[in-house]
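One structure, as structure tokens, below. Some questions next.
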Amino acid sequence: MKKKVAIMGATGMVGQRFVSLLENHPFFEVTSLYGSSKSKGKKYGDVVQWVLEKDIPQYAKDMVVKSFEESPEVEESIVFSALPSDVADTLEVELAKSGHFVFSNTSSHRYDRFIPILIPEVNPDHIEAVKYQGTKGFIITNANCSTTGLVIPLKALTERFKISNLFVVTMQAISGAGIHGLYALDIHGNILPYIANEEEKIERETKKILGTFDGEFKDFELEIFARTNRVPVREGHTEVVFLEVEAYLPEIISALKEFKGVPQELKLPTAPEKPIVVFEDPLRPQPVLDVNKGNGMSVSVGRIKLKGSTLTFTVLSHNTIRGAAGGSVLNAELAYVKGLI
Amino acid sequence: MKKKVAIMGATGMVGQRFVSLLENHPFFEVTSLYGSSKSKGKKYGDVVQWVLEKDIPQYAKDMVVKSFEESPEVEESIVFSALPSDVADTLEVELAKSGHFVFSNTSSHRYDRFIPILIPEVNPDHIEAVKYQGTKGFIITNANCSTTGLVIPLKALTERFKISNLFVVTMQAISGAGIHGLYALDIHGNILPYIANEEEKIERETKKILGTFDGEFKDFELEIFARTNRVPVREGHTEVVFLEVEAYLPEIISALKEFKGVPQELKLPTAPEKPIVVFEDPLRPQPVLDVNKGNGMSVSVGRIKLKGSTLTFTVLSHNTIRGAAGGSVLNAELAYVKGLI
Amino acid sequence: MKKKVAIMGATGMVGQRFVSLLENHPFFEVTSLYGSSKSKGKKYGDVVQWVLEKDIPQYAKDMVVKSFEESPEVEESIVFSALPSDVADTLEVELAKSGHFVFSNTSSHRYDRFIPILIPEVNPDHIEAVKYQGTKGFIITNANCSTTGLVIPLKALTERFKISNLFVVTMQAISGAGIHGLYALDIHGNILPYIANEEEKIERETKKILGTFDGEFKDFELEIFARTNRVPVREGHTEVVFLEVEAYLPEIISALKEFKGVPQELKLPTAPEKPIVVFEDPLRPQPVLDVNKGNGMSVSVGRIKLKGSTLTFTVLSHNTIRGAAGGSVLNAELAYVKGLI
Amino acid sequence: MKKKVAIMGATGMVGQRFVSLLENHPFFEVTSLYGSSKSKGKKYGDVVQWVLEKDIPQYAKDMVVKSFEESPEVEESIVFSALPSDVADTLEVELAKSGHFVFSNTSSHRYDRFIPILIPEVNPDHIEAVKYQGTKGFIITNANCSTTGLVIPLKALTERFKISNLFVVTMQAISGAGIHGLYALDIHGNILPYIANEEEKIERETKKILGTFDGEFKDFELEIFARTNRVPVREGHTEVVFLEVEAYLPEIISALKEFKGVPQELKLPTAPEKPIVVFEDPLRPQPVLDVNKGNGMSVSVGRIKLKGSTLTFTVLSHNTIRGAAGGSVLNAELAYVKGLI
């Protein structure tokens, strides 16, 4: 018997990924799609401007869209949220209060006192924080898309070695800005050297995710300097990382290659076999060729080099699957298997 | 009375920039164009696959191309070289021996004992090294395109402050690979995380250029970690820089804004009024909008930020003008004004 | 003594081209810039999101923007309009009534009874229509950007030969949609097979422009089938044309090469020396290489071929210069020289 | 018991598609991969520069590549050929003589007297021509990638209606030029208005394919005017078609929607359920969204419009699947089911 779930913000970029990833899911069945008021009462297939390479799943086409703008009474106990921040600010909290389990992609509550930023391979124990939220339901967030790709290989390193002084430069895909987030003339054959709030998110989230939870969150100690850029690539965030590490190169490569986490142990449906795919070819990873590794759930790492104690590598991750909807689905799968939902 | 000059490798990307920049030059007049043997005896306008946005200059169209592959007897005393490395290895040396003044873009001789990597705003005194070369003529090289954009703002900083621990990540334009250097399928909507030899060049050249010459070259002391990427941008290399500096932010910004060098003092024809254009708008510099600042000879710097003693900024420079042909022309102008040619 | 002019809609794509093209114009001096109410009272340099490769002209940077939304009292007798259609619908008429000479880029009044769609090389006599408008001032429109590139070579042909059955397929640049007209995700590495209203405009405008005016406009007789597509190119509309013609190929090529019009005779400041640049190389014209021919005012024609009586050729024209702001400036120059303004 | 097959030219663009499409094929098993001499003796996974979004199939990675340049003795009776034309000219003939069944993608033998250009939905009866070839084996070719997308909807029309005077303008993807067929600088943000030999292929192949075979091929009578362009799109050729037709619009739309052929009747493994997917949304088809319809084997048709007797529509087809490797696999499936191989 599958659990019924609602998707909030179903017509947007991340919402479409939810609709797509939850087709034929073994645990969950989508029974409601929520959009803005202007989509209300219309068929999903008629209002969505579908932008994914795979067609709209049959199950979703004729579903009548409900509005998240009008104090919705949500029947499903499980909610995947790709809501706009201003709506998420209050609606996600209300949902949790009224007993819903919210798996959120928005940044609204990532830094709240008892709300985890969960990446099951990295900090599965942070899921315990939901017990402190004091509401019938709970909110679990996932990380910002550029944080996600970074923090998975970092975890593989911090598990075994001491690291410090992290510098990261991102080259982020246009899909990360959402369907209507970027004008063609601004990015065509161009680079934008800045993405609003993105650097702060990477710096703050990374410390929380790599940190501990034992009744309260405690940040991991790490100096982080992030620089984020938008590049003319459709899907896949590339990140160049420098950090100090106390380890030898072969150990480092082993740590990355061998890295596994709870989702792999539990064989969660959306978990990739390998959380990290390591490349020796210096010309990899490339967004066009590698973004879909592990159905978009693996993080690709290449160009691993150690000079003195300075380690450099390049990460590629799928920003709307691993870094957004897929990450939330994995979070829900963990909660499901743990009997929390 | 203008000096006669020859351009070697005139049909390539950098060669075309030479042909374009030397149109109506106040000091120099192009009287010979050299290409590979297969272009020999043909009109330049018929053999060149012209790729610049401005038309082939009228003066060059009907010039009959000579071959650099057949021990050329070069009449002009001044030679601008955009030769392939394997040819430059020996031909540039022979030309210098036979009394020619070679302004080279190739990396063949950049690390030779008495050959300067000259950027007139940065290390004009290195030009003295030519006197030690022991040949009738000489070779002066310019820096790699990605080094050039980096080293100009670095000079502005090192003039006034102590710096250390440099990390740089480049996002380099496709024109930097030359006309036939990159296949469309490899870079269309994609990023290549590696450019062969490029990182070594940045690390090695930067130290030599910022170093001293007093009979021999002595490297500037600096740890440099460079990571180079190819991105789908036509012209303009963007570089994100992190470094340690002992200074306050306002001083740093002043140092960059006020930076001037010998070319500005001497009002060399190709010198930009401002070697560095500083942006406050976080969304600048952008390749499409800013690559032609100062006719492609200014370096644009934006996103300047200081956190603790860690300075970050983003640089944009025109890789085939400032970083290649324009750089060599400026070198020749300096040599001309100094009476060396 | 230069005539004072106002630019309406100065912050948009076409507005920026006006600001740029009118710098140092021999006949006109820009003394007012109009934008929407939200720009009112601010400096142009602070509110414009400048997207042109050449910098904002110095003269415009500090000009205080006025609002076109609040029944403006326009001091200048000459107005260049890049207004949104809904505003142009009424404001352009009011301006003409109150004695202004409006050179418009919007489609609002192109099909009005006495308003010419003027392209000085094609239908200079249509300027006579302004005398019938019955207002103190007048409105002169230019053609849609895709019509303009088509109709110039058509005029060269119809001057000498009989043509019929025109088929045209366009591949239009993203700048044609305006700064905020197209989302990145929609056009990145993609083709949009439709542009709203564009096909109707081409079909209708072409007939009016090639037609006659003698107290009323009479359409040129021609069956036109247009298909318009958006492609990931920054500037320059490419159009593939098929038509029936009664002529031999050498005559056709001569007609295109030799074509000149009134702007060339009168040596209008913005007139290109050659209205049509003809290419023999089958790989030309290309947007990146040829869009700026004649400072963006020449139309490039290539791939000319005749099979039976079916002529085919490919046209490239600069959509925001010749096809928009530059076209209007040329119209105003003609009106100026004819003493109409 | 699967039939053993060899792939010739397995490292190229089309070769890679063969390797990918034949993974787990119900009729065929790939047992040999042939490349040029420089790949000989090496593992496929080591020599191929893989460019597809899906990984190299496991079965192919360790296969040792054989050389097609050294009079190969091919064991498999069935050969899929993506050979370079100059090799195919003679090698395909030799293979047929020595009893092999060659399914070819090259244009070398498309116009030979008894060699069909086979598209199973369009001209399945042309397969009879192989009986006249007079060799133990045979050659069956598929059409050029741009012909294929055109001729499928044309067949749907000619089955029911009389058509004439065809004009077609293509916008072809960069993958159509092969991995090393196009330089980045030539097509980045650009359009190339010409593809060598492509227009002749469309015009000639279309007539042969739509024609009849009864002991000899007889061309379909149709005037065709084709113009081919290269655009910056990764996969998917878009074509705008105009033609004269004697029919009403609803009949035409029905003909396209209802079109089925022999592959659908026989349920061939690679046959798409719908050979033609018809769109009503004027903004479709788009390469990014629709190229993979029917696993890349369906042709998408949109923008269907009738004005007088002139019909226009836009076609999109996957150039390296339906227009290349997938087409050949379908041909082999038909031959297999018919007991010819």
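Read from first to last, the chains carry the letters A, B, C and D; within each, the first residue is number 1.
Heads up, the rule we're going with is that a residue touches a chain if its C-beta (ideal position, glycine included) is under 8 Å from a C-beta of that chain, and two chains touch if they have at least 3 such contacts.
Worth saying up front: this structure is predicted, and the values here are computed from it rather than measured.
Of all chains, A has its CA centroid at the greatest distance from the CA centroid of chain C.
Residue-number overlap of contact pairs with A-D passes half for only one option from A-C, B-C or A-B: B-C. Annotation: C-D is the more contact-rich of the chain pairs C-D and B-C, by number of C-beta pairs in contact. As a whole-number value, the distance joining the C-alpha centres of chain B and chain D reads 47 Å.
Computed centre separation for the pair chain B/chain C is 40 angstrom, with centres defined by C-alpha atoms. Annotation for chain B: residues 51, 188-189, 232, 234, 288-289 touch two or more other chains.
Across the interface of their complex, chain C is touched by residues 167, 169, 171, 188-194, 225, 227, 229, 231-234, 238, 240, 242, 282-289, 302-303, 307, 310, 312, 314 of chain D. Against chain C, the residues of chain A that register as touching in their complex are 13, 51, 174-175, 177, 179-189, 232, 234. Those residues of chain A that touch chain D in the complex are listed here as 50-55, 188-189, 234, 288-289, 292-293.
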